[in-house]
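Both complexes shown next keep chain A, but they swap its partner, so chain B is in the first and chain C is in the second.
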Partner chain A sequence: MKRLLSIGLILALALTALPAITLGDGVTLNVWTNMTGVVNETFAEVCREFTAETGINIDYAAPANDYEALMKTKMATEDLPDVFSTHGWSVIRYSSFLRPLNDQLWFGDISEVIIPLITDDDGNIFVLPVDIDIAGIVYNRDILAEVGVDVDDIVTWTDFAAVCELVKEAGYIPVYLGGKDDWTIGQFFDWVAPSFFVTNEAENDRDALIDGTFDWNKWGALADMFADWNQRGFLNVDAATSDYATCTTELGLGNVAFEFFGNYAIVDANKAGPANLGMMPIPAYFEGDTPTLIAGERLAMGVWKDSKHPEEALQFINFLARPEIMSKLASANGALAGFESVESDTGAVAGDFEKYADVRTFPYFDRIYLPNGMWNDLCATGLGILNGSMSTEAIVDYMRESYLEKMDLL
Partner chain B sequence: MKTAMKKNWWRYLLTVAILLLYLAPFYILIGVAFKMPSDPSSRWILPNYIYLDNFAKALEGRILQGMQGSLIITLCSVSLIICVGALAAYPLARNKSKLNKAVRGFILGVMMVPPLSILVPIYSVMKVINGISTYYGMVLLLLTFQLPLSIFIYSNFIASIPTALDEAACIDGCGPFRTFISIILPQLAPVTASVAILTGVTCWNDYQFSLYILQKPQIASVTLAVSDFFAQTSSNVFAAAAAALLGLLPIAVLFLLLQKHFIKGMVDSAIK
Partner chain C sequence: MTQRTRAIMNLFYLPALLLFAVFVVYPFFEGIRISFTNWNGYLPNYRYVGFANYRRLLTDPYFSSVFWNTILYGFGCTLLQNVLGMGLALFMDTKFRGRGVLRAVVYLPAMIAPLIMGYVMFFVFQFSGGALNDIMLLFGGERVDWLAVPGRTVTIIVIVNTLQYVGVAMVIFLAGLQNIPAMYTEAAHIDGVGSWGMFRYITFPLLMPAITSSVILNLIGGLKLFDIIRALTPPSPSTGAASLSTYLTYQYANVERAGYSAVLGIVTFVFILIVSNLTMWFFDRREAQML
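After this line comes the complex of A and B, so read on.
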């Protein structure tokens, strides 16, 4: 018996020496993305197609929620995947780890919408934008029709609040948030803040936000608007404790008029029910300003500058840049393709993309105008308003202090 | 009997309350695992139907692969933790020198270090020894962080065994190693069950190291396989519950098999 146990133990120990299994021989690329669901499956399929065509193996990983934490550790230890997605941070966070891709043949094909968002001060781009994240507010067309509102009449936040009042009176929830997943609250501020501080050509704080001279008392107007909505019952009663899954379920069941999510929420909402959903631009804060859309990276892939297999990594990037592959991945995301010339299936919002093609786009607020690390402050202060623990003054002080600290100005 | 029950009613009430507190997560887990994703009823309400698709989805994921990985990792880690821990604890318990006292203090100190606070150095070392995405990398890490607990428990237990046994063995011609193997080791069965359960459960449930070390999709642990079902915008809590239910079965069975020894070990440690 003892001998058997010893043999068992030795065998088990021997098993630990086994490295991860890879398919076939030759070069193996480590490829990581932050994609989930259908896009993740489609990407895995594309990886298999690449291996079948080139014989180059791919170890594809998509650690979902843990992607950012893992990438931070990998950056700290300088051990990045050969090819990885930059989830909106190709310039600010990852550019020093990535190989510039301006020399690739497809460089001139990149869409005009995305190119300023992925270009650094020296004119370098570090990623292949497979698709473009263009987002507004997701809304229920039927509810707006029922209360007799044309979505294009909603130009300012005052108009938006008036519609919320009508929606509430009609027995629907105007805006749904899922505070347990606090990013849903952070995203609200990320969506709305540009209209207060960035989009108005006549009066904006773009430079002040970047150079550290921003007057944070101005943030009070935004916090007040959110608190006012909460007080007037425009938000779901469980806004602080609900979650993203409930947000999309309620949207799909046709109980909610507006949600501040990208178009991926429509895909998730359709799982709960076939609600008639669309995308509208984000209203303006100032009279005279116009509604805008948010634009940014969605699936953007870069090559680690110290990759042991740079040629193969570039080969993979160029494979992703093929029109049919790019179209397949962009369609899985329900997003516009990264190249002007490539068509994609944008699903329920295809008409909206066409309708709002000329609407001005602005980048995600926190990615450009807030120092690294302030995303959590957007989430925390929003929750503070919802649970009544923070006054407007407290939020302004909190944001100012965090901003100055992270800008090294304290 | 009835008088005793009447007198101690609050103790029974407290026991029931604690029991309910511990059973509540399992109750919810079972309910969710058998519930249809489209069922909007409260998590506290058990479904009045049996829905097995969540288990099918769980099995389509990496749960079996995760169970296999966790089994290898746990088996190897616990075996090494027991062997090395017991061997290290014996001289520490028997030779009460200043140096050994300092060593014991150091080992206890290591137990206080939160592993994630030294994540970057750990990851760098793992990278150098090619331990990333390997079972041996995981085993080494778990061994490192669980060994202090094992040494602490064993050395306390061995200290309570009369030294007269060692002296008798010495008279009979045994060296220290033989004394340990033939005389001390057979006494350690109950406490070994305690060490095996305490460290085994930790190894099986480990998420923090698995997340950072097991990066290739071909190699997984139970916790990673369950976490696959959670993403910012597309979570499947029902399949995750089914996967978690499958994943906790082996360790629950192990606990049930070893609980007699575990309790004996705890009691013996307390008495001695």
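After this line comes the complex of A and C, so read on.
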């Protein structure tokens, strides 16, 4: 009887293992991205297409706001996803964890605009740039028309503030921020800071920011401008407590004139309403300087160098590099594709891309000019201004100390 | 029991001891080691910086508010959950129609993940389109940015956490009430003791073991509160609602100061250890006095 029971138990255990054996003959790749909204849904769809074609399973995760924190934990434990997105940090933060991809057949197809932003000092690239984040300020064309402003007349921040005043008087919200998702505030500073410290050829702090000699008192002018906008009612009342989803909803409903997001926000906004949206360059701070655009990685995917399934991971990367797949993903982001030869639907801003083709582009400020870990200082100090807990002096001190600490200069 | 049997029985402790050593003892001492480094939390290179991270604690502009908030979350939630939990338990212990359903309804929020509870509550309290503001507008009021003022945000978090876990306190007290032998209450009735006297001299003293368990559980839960704060507020401590748990996570994951985060972890551990032991000691004495 005991023997029968033992055999029964063994058979039962074998049966429970059976599905794993039959279904697990294909490899499962862990794939992570930081994407949200429409492009996240499209990426999940692409994963399913890949599995249907190759039999390789994809365990796809997109932890949204927690992506960066979770990736840091994974780097600390050296247990990364097989394929993951690098959200602008393929060289500085992730390169030591990624396999160089220069040997892939598509290497020569990468767009000229993105190559310097994803290449290290030795000429290695570590990601497939599915698309390129070339962005300015998202704006509502109808609101600007209503207040009688030609967007190309907005050259400096003084011009911008004057337009905000008109927009406010017309009953709209000039600029919308979602402080609960405090990256929306960090992004504001990240996009505006170049006009103060980088873009002006006649007077800039590019070298000082990189070599650690930057005079942080200069940051006060930027903090003051933000505080001034808040005081003058240019920002939404709930700028400190709202979230990204509300930003795009209000944008789509036509209640907001400007938002400091990439063109993905237009795609998300269009789900809420039919607002007539466009993209404009970022104004200059100095008289004589010209408006600029921001360029960087958007959806860029790399392969973990210690992946247990390197062949399959590369197969997935090459699947993403197919023109039709790349086009689909770039279109979902409303962005230009990562290869010169691939067309994408940039939707409402297609005309803007053409119009501003000759406008100078600069990388995201924190990715080049701030040491690792300072992005959150942009978010925290911005929130400090909004909730009144930080003065300009406090912000300057806070930024200086954090910068010196992270540059190891304290 | 022979010595050999005892030795064999002691072997059964080993798996638990091993797990405790791997998941509690080792991380604790590793945390102490990291607290003396400038590790950024993910790259393999770092150096030892002595007591620099401990010194930072003294100059950190956010630490005092974070510490104070943690006390508010710990003691505020404990007080509310226990007072309300006790009231609900006494009510639910009486016989009425639909008692079972009502007990389930009160306990239901405890079964939801606190992060989800937090996100649901964000839709209630948010300025634009929030349920509470919609109700205010319906009655001719004005919209309020509920989560904009630090003190108010802390209060909202305490209320939300209490709403979620009051059912747990209620269940503990209900179990305690059902363990009170009927002979005591019957004897008191015969002696003509009123309902307040019954509660004061019979129910409350005999509930002391349940109160001790509930207070300790709620206190530890409140002191390490994380999810609801994270769901309702930004990660940055400048909102004035951060707790030690959210702040140490922020320092590790966002600011990349793993060493300082480890210091905050040690402070949290020591603080909870002291508070929970003092509370246990207090309630043990009360139990001894009352029983």
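Following the convention adopted for this analysis, the second predicted complex is superposed on the first by the 385 of 410 C-alpha atoms of A that agree within 3 Å, B and C clash if a C-alpha of one lies under 4 Å from a C-alpha of the other, contacts with A are read in each partner's own complex, and residues count from 1 in each chain.
Following the convention adopted for this analysis, a contact is a pair of C-beta atoms (placed from the backbone, for glycine too) under 8 Å apart; a residue touches a chain by one contact, two chains touch by 3 or more.
Quick caveat: nothing in here was measured; it's all calculated off a predicted structure.
Within the superposed three-chain model, A:313 lies out of touch with both chain B and chain C [touch as defined at top].
In the superposition on chain A, A:280 contacts neither chain B nor chain C.
By the touch criterion defined above, A:336 reaches neither chain B nor chain C.
Look at A:241: by the touch rule set out above, it reaches chain C but stays clear of chain B.
Within the superposed three-chain model, A:268 lies in touch with chain B and out of touch with chain C [touch as defined at top].
Of the two partner chains placed around the shared chain by superposition, chain B is the only one that A:36 touches, whereas chain C remains out of contact. Judged by the touch definition given at the top, the superposed model places A:76 against both chain B and chain C. Contacts of A:64 after superposition on the shared chain: chain B is touched, whereas chain C is not. When the two complexes are overlaid on their common chain A, residue A:180 makes contact with chain C while staying clear of chain B. Comparing the two complexes, residues 69, 73, 76, 181, 249 of chain A contact chain B in one case and chain C in the other.
Residues 68-69, 72-73, 75-76, 96, 179-182, 236-238, 240-243, 246, 249-250, 372-373, 376-377, 379-381, 383-384, 387, 389-390, 394, 402, 406, 408 of chain A touch chain C in their complex. Considering their complex, residues 38, 40-43, 61, 122, 126-129, 145-148, 150, 232-240, 249-250, 252-258 of chain C touch chain A. Contact residues of chain A toward chain B in the complex are 9, 12-13, 15-22, 36-37, 59-61, 63-66, 69-70, 73, 76-77, 79, 181, 183, 244-245, 249, 264-265, 268, 272. Interface of chain B with chain A (complex): residues 38, 40, 72-73, 75-76, 79, 119-120, 123-124, 127, 132-136, 138-139, 211-212, 215-219, 227-228, 230-235, 237.
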